[in-house]
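For reference, the structure I am asking about is given below.
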Amino acid sequence: MLNGLQFGVMLFLMSAGLTLVFGVMGLINLAHGSLYMIGAFAAAAVAAATGSFVLALMASLAAAALAGALIELTIIRRLYDRDHLDQVLATFALILIFSEGTRWMFGSFPLFLDVPPMLAGPVTLPGGIEYPAYRLSIIVIGLLVAVGMFALINRTRVGIRIRAGEADREMIAALGVDIAKLYTFVFALGAALAGFAGALVGAIQSVQVGMGEPVLILAFVVIVIGGIGSIKGAFVGALLVGITDTMGRFLLPQIFALFLEPSAAVSVGSALASMLIYILMAGVLVFRPRGLYGVA
Amino acid sequence: MTDVVLSTERLFKSFGALKATNDVSLNLRKGEIHALIGPNGAGKSTLIQQITGHLASDSGTVRLMDEDLTGVGPAERARKGLGRTFQISSLAMEHTVLQNAVLGALGQRGNVMSFLKPVMKDDQLVSAAKAALAQVGLAEFAATRTADLSHGQRRQLEVAVALTLKPRAFLMDEPMAGLGLEGAQQMIGLLTELRKEAPILLIEHDMDAVFALADRISVLVYGEVIATGTPEEIKVNPEIRRAYLGDEVPA
Amino acid sequence: MKLRSAALAAAMALAGATAQADVKVGMITTLSGGGAGLGIDVRDGFMLAVKQAGRDDLEVVIEDDQRKPDIAVQLADKMIQSEKVDVLTGIIWSNLAMAVVPAATAQGKFYLSPNAGPSPLAGKGCHPNYFNVAWQNDNLHEAAGAYANDSGLKNSFILAPNYPAGKDALTGYKRFFEGELAGELYTKLGQTDYAAEIAQIRASGADSVYFFLPGGMGISFLKQYAASGVDLPLVGPAFSFDQGILQAVGDAAMGVKNTSQWNKDIDNATNAAFVETFQAEYGRQPSLYASQGFDTANLLISAMGKADVADADAFRAALKAAEFDSVRGDFAFGDNHHPVQNIYVREVIKEGDVYTNKIIATGLTNHADAYAADCKM
Amino acid sequence: MTRETWINVAALAVLLGVPLWALMADEPFIITLATRAVIFALAGVGLNLALGTGGLVSLGHAAFFGIGGYAMGILASHAQAYTPIMEAPFLIEGTKSMPVIWLVAMVTSALAALAIGALSLRTSGVYFIMITLAFGQMIYYFAISWPAYGGEDGLSIYKRNEFPGLNTLVPMQFFGLCFAILCLTLLLMNAIHKSSFGLALSAARQNETRVLSVGMKPYHLRLVAFVISGAVTGLAGALFADLNRFVSPTMLSWQMSGEIIIFIIIGGVGRLFGPVIGAMIFILLEHTLGGLSEFWHVYLGALLLGIVLFAKGGVIGALAGREKAHD
């Protein structure tokens, strides 16, 4: 359960940026996974050079935000008025460029990024469960980011503008807000979140080219379940997907073991578990074609 | 009342606390133009959408030739004879004018699922479409791309497409909107002719047009029909003056 | 630097060099995208041996399969139909090998596998022109099972991704392991989060964990396992502990036992020279895959010295004899043209700043594979 | 003839001429490449009905491509091993006959398209893109973890399947077969485009309410388009598997779906020959760029980006201009 929560929180970090970008600019960004990868690589490079995990995290934020701002200024802003097909294609092209470009710079081998010594090892939770300290801190950080995002959207001037931008583009342009700057900011913010997630996750997974795409697809599942454009939906969707996936992997083989022989149960159960979140998503969309918190 | 073509009985629709239509009962008789007027936000478009089936009513029924349309989708309602034109032109912009009209004729004939015969060589459909275009005065623009039509011409095309459906009743949502004086005059002429084919339920803001065309007028305010009557009756109705001009005006 | 000479060879081949080389080799391997590191190592090992041999009657054409089976098939067609190669080699992945090898050998080409060893090609689907210079897929897992017996482990928790190689891996382990299984898990291919699996391991009461999670999956698993506080001994095949990958795992891999048919401390002159020249040539330590590429090339070169490739029977016999100095020491082919070799157990250690392996035991001696009997050849 | 027609004729001529030249020059591999282009074009032509005419951006068409491939793989592998596919309740044998395989491939992928389409078409826009992606992934993971037919390793067929009167192992004959199928499909698509169904479908893309208010159901139109589209893509999948004599889950991956879309975009969305020209260019690029640099994906990406940003309407759009503007 805790694992599902933690997986969900990681997915949230990834999806928050994606859903924000979609909600405000109406853009589907397949290259979001590449920003995640850039964050992880930047963190790994800085950690290797300085040995500091905090600096590495800062680097991931900065690098991803920078990359985000750069592609927004050069490419993405030409896509806002285009249909989704063009957006899918253009950002698909960006994936190709980023992936191979990263491989060009860093080589084909996975990089090393480790959890900071302070957070290595397990802690004992109330109830006697041992749990890795680092994962616990990911949960905490993720929840903090979630709270921060809510506060940003609902309490600040920028948030008001973002919400206004979702509602009506011309309107806020008429109010004298520099829409182009706002968009660049939002895109860079989304990118920074993705990069940050990449760095956090990179420490417990492998930092390698192509790490972004599986997570990207999961993030899409999350925001579609939650309702595109809704931060709240992304949060609920992420937790739902995280928990479903984790529990499914654990429970399905056991359920099948009740009426199948063990090896068949393991194999059928695992096969079904790997499809589970997609089944969940299809189910949600069949009954709520706009996702859980989507606007009709 | 055998000459009633279309009627609504006690229609309700609310969006949250807002009652968009509130107990609306109306009817449309053979050969007439029945205009629906009212201030902005009175629920006229909501009502049209309920009649065409694009919006589900909370309660109440819509009848076409005495047939209850509750639970019938918009496509079937169109096939059963509701010909509609839209407030904002709703046409296939990349198609030619003729193709749009053929689309209507095709809808009227049914059997869309034909995959091999070239539809633009189907004489029956094309002649029906051309007749409708001629009737609205668009015959010479048949080969023009719809996106290249002027605003007024698009309005005419809307009417032509509705005509190809050979409807039992027309529902027209502000067909004069945005037309110049000349265009409006043309449209008035067209609608006067059309009522012989099927009665028209007309939503219109242009009061001159309404009073020139309508046989009967219903006034919708806050989702409620506050009066129905001939143009003369409506002109002198004190309630309507109040609704339009505010309560402070003495009756 | 090496890349350029390889590209040059490819360019010459494309230009249809008039001086027809005696043996033309087509190498199809993964050079871009995920998993490119393995293909690059095989290529570099192979080309190092080619360079050292200095023969001008050997030409190598190299193409990137992008790890896509259909691209690999297309490249094989190209190599056979356009380039008219005599020998094919280079494929890293079993699924790509299954796509390419049967058709290539059926067309009379030789195929020397520097990495993948899917079981059908060792058993029923074996072919006289197919030689595997690395291992049959099950080998390293079998050795791990044997090693678990030797070290007195009685209750293993085993896991692998849910795909054919994963199932073969666990089958291989179970074939030799005599203890109980505390649990058996198949994870999603490409899965990156193993918290749920680690929780199950913790709860299972096992005394050891055997895992086969190639590539990034293994890195993720090892890091997460180390952080979880579960301290059961881990055993895995060499793939997750190879030179290229080990630096990315870091401390989390320290002390883990893994099985391999090669390590850089195997004591023979060929190996010592290989490790040194590879380091000098490419500026990094050789990996298992590089050693396999190196051996593959040397096998080919040894056969070229004894027979003309145009005489398929003689050339086949020369390959089968395998009279070359392998970096693994003794090396021979079984009847199904798969290696009969020692498989060692290694432990991850740290040399200065670099993580690497040292051999601590021999898992299986002169081991062949379980499918040889099915091979009618 | 319009300029677009000339371009189309030229494209077909090149597509047919190159392998003929290769036959003369004894370059059988070029014929194989051309066959690959033809098959990709066919897959693209299938998707183009849904995507171009119907406006349905499906990011899950690899599912049908792969299902077609597996239909071939499963039938042929059973025929090759002389084992029936199932015995109860009735006997189904494998087969090596191409026409039968094609039929099965089309029917199964049409059925899959019917199921996926029926659910997915309840949504629209981005949701539709994503739900088709999700269904595609579902089938992809299923294929990877289902052990009976090879899982991730895929299925190999040792000999190409048979077509009466032809030796399909001769590259030129197999090419001819695929080329004929492509031409027939193009004729069919052209007819569909001009039919009443085509008119209604493309009207539904442009303006859904219009179609509704003339008494047609966009949902039904789209579902039928999706099914036809799936069946054609499935047929292409069966041919592709036969070309490679191999089928694996890679055919089902979302990158494959992306590539099929790329063919259409490069050539021109909604143009009859868009996917044909797109597939030809893609194969050409793959072949030439792949030889130039290990990092050729960067160039492919840049090129794609350029086309999306600056050459709307694809290559045909750039060459022929907007259809009606020059009439």
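The letters A, B, C and D name the chains in turn, as written, and every chain counts its residues from 1.
The rule we apply is simple: a contact is a pair of C-beta atoms (placed from the backbone, for glycine too) under 8 Å apart; a residue touches a chain by one contact, two chains touch by 3 or more.
Treat the numbers as computed from the prediction; the structure is a model and nothing was measured.
Chains that touch both chain A and chain C are the following: D. Central chain by Cα centroid: D, whose mean Cα position is closest to the mean of all protein Cα atoms. With every chain reduced to the mean of its CA atoms, the largest distance from chain A is reached by B.
Inter-chain spacing, taken between the CA centroids of chain B and chain C, is 74 Å.
Computed centre separation for the pair chain C/chain D is 35 angstrom, with centres defined by C-alpha atoms. Between the Cα centres of chain B and chain D there is a gap of 43 Å. Centroids built from CA atoms put chain B at 48 Å from chain A.
Residue numbers of chain A whose C-beta contacts span two or more other chains: 99-100, 103, 267, 270-271, 274. Of all residues in chain B, none touches 2 or more other chains. Across the assembly, chain C contributes residues 32-33, 162, 167, 186, 188-189 that each touch 2 or more other chains. Of all possible chain pairings, those that touch are A-C, A-D, B-D, C-D.
Within the complex, the chain C residues that touch chain A are 32-34, 36-37, 40, 162, 167, 184-190, 192-193, 195-197, 199-200, 202, 215-220, 223-224, 226-229, 244-245, 247-252.
Touching chain A in their complex are the following residues of chain D: 51, 57, 59, 119-120, 122-127, 129-131, 133-135, 137-138, 141-142, 144-147, 254, 258, 261-262, 265, 269, 295-298, 300-305, 308-309, 312.
The touching residues of chain D, counted against chain C in their complex, run 27-30, 32-33, 36, 141, 144-145, 147, 150-154, 156, 158, 171, 240, 244-246, 248, 250-251, 290-291, 294-297. By the touch rule above, chain D contacts chain B in their complex via residues 188, 191-192, 194-200, 202-203, 206-207, 209-217, 221, 224, 324. On the chain A side of its complex with chain C, the touching residues are 3-4, 6-7, 10, 99-100, 103, 107-112, 114-115, 120-122, 130, 132-135, 201, 203-211, 214-215, 246-247, 249-250, 253, 262-263, 266-267, 270-271, 273-274.
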